[in-house]
Amino acid sequence: MAVDLEERMLARVQRENFSIDEELERVRARSRRIGGIAMFLGTARDRSKGRDVSSMSFEHYEGMAQKKLQEIRDRALHDFDIIEALVLHRFGPIEIGENIVLIIVGAEHRADAFKACKWCIDELKQITPIWKMETTPEGEVWVEEHP
Amino acid sequence: MAVDLEERMLARVQRENFSIDEELERVRARSRRIGGIAMFLGTARDRSKGRDVSSMSFEHYEGMAQKKLQEIRDRALHDFDIIEALVLHRFGPIEIGENIVLIIVGAEHRADAFKACKWCIDELKQITPIWKMETTPEGEVWVEEHP
Amino acid sequence: MKIKLFGVLKTMVPGKQDLDMPLPEGRRVKDLVEVLNQKYPPVGELLLKKKVLVSVNQEIAHWDTVLEDQDEIALLPPFAGGSCVYKKGRIDAYGC
Amino acid sequence: MKIKLFGVLKTMVPGKQDLDMPLPEGRRVKDLVEVLNQKYPPVGELLLKKKVLVSVNQEIAHWDTVLEDQDEIALLPPFAGGSCVYKKGRIDAYGC
């Protein structure tokens, strides 16, 4: 199945930080019928399971990670009454406060946008092969979030 | 009750368009403990109740509108397990595709952020004295959205 | 007293601007509504049908809210968001 | 065949890098797990406890999935997000 370049930008991993305004523009550019956009942005917290965290790093399974993000976008577009969706996760070292993951869902009406956005991030956390290493006072630890 | 300048920026109306990245920065700057940020952005659709819409304009009740937005932010901060919230609505003429309203909610965990964000926009639509005039092929009409 | 008009209401009065009138006898919201209904029947009809609410000092008022000369009065047609105040009776406006 | 390791797993094998080994006799995932359990007991234990899953060609595999020489194999510890595959049994990995 051929996936064009713009579609590939709508479900991707990348090392660099991203601008929410720029990512939003990709979604909005797809239709003037969009009236409600729900977004989720995951950021790097300075505490995790009661420990201080000074920095973190994400490792991903190249290929499978992208495939899972694409699957999530495809299923969201199919299962919800929405117009466009974007799913983006960073990898590599990330400083406290920085962006980690972004979901953007555009729909005609807000209820659908919210439902799909929440589903995307829940699904992403469950099925995407990405691992997090936190640097804490006790050293580097590979951690799993509370689901 | 004195409200400092930064707090006033977190619940406001304005004529100008806004950057989501800049508004996000106001919320993130308040705490490094934020791990999940849910956002809602309302944009101007080119269709409404089966009619084409070529542009729109919002009128607000100066003073009462700001008061209601401040109330919404205060109640969200009080009633949900969140860290910060921003509530922003534009007034004046707005072109199709442009931003109208923005809610940003930062929390430690995403479920709380989503709940509060959805509550804020639902509440805003219900209690904020703002009116919308759409320009359609049949002329200018004051409209009320589906709730 | 000044009465602010918003949205569609401004198109419904001569001059298309805010109203200025003396404090009505009885000094309650219901007395103001009666005066408005006599002078501007289309506006009065919306008020009586509760399609338009009265706010006093930036809070939704009731039929029996007492008015003072310095109060900030406004007539509020349904908000852009599809206001529950009209649809769900959440705010007990006019005892409804 | 190459076996990719992720997250904490790389710290659990000598050389801290991906593994390379012949296709196991029997050619099924369970045969691979048995070989891994002999050569790298800490990794084997996580596999047997289903804390670590095996993927074949980028899909989660089952005990009985048949392996080919050209398959892309990976061992996947729990994902950062708190993967349901381990917690809610949503993916029927290893027949669990």
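Read from first to last, the chains carry the letters A, B, C and D; within each, the first residue is number 1.
Assume a contact is a pair of C-beta atoms (placed from the backbone, for glycine too) under 8 Å apart; a residue touches a chain by one contact, two chains touch by 3 or more.
Bear in mind that the values here come from a model prediction, so they are computed numbers and not experimental data.
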Third chains touching both subunit C and subunit A: B
CA centroid of subunit B to CA centroid of subunit D, Å: 47
For subunit A paired with subunit B, centre-to-centre distance based on mean C-alpha positions, whole Å: 23
Inter-centroid spacing, subunit D versus subunit C (mean Cα positions, whole Å): 70
Subunit B: positions in contact with at least two other chains: 146
Per-residue overlap in subunit D, given as positions that touch at least 2 other chains: none
Listing of all chain pairs that touch each other, if any do: A-B, A-D, B-C
Partner subunit C, residues of subunit B touching it in the complex: 58-59, 61, 63-64, 67, 124-133, 142-147
Touch list for subunit B against partner subunit A, complex: 19-21, 24, 28, 32-47, 96-97, 108-110, 113-114, 117-118, 121, 146
Parts of subunit D lying in touch with subunit A, wherever the complex brings them together: 4, 6-8, 55, 58, 72, 74, 76-85, 87, 90-91
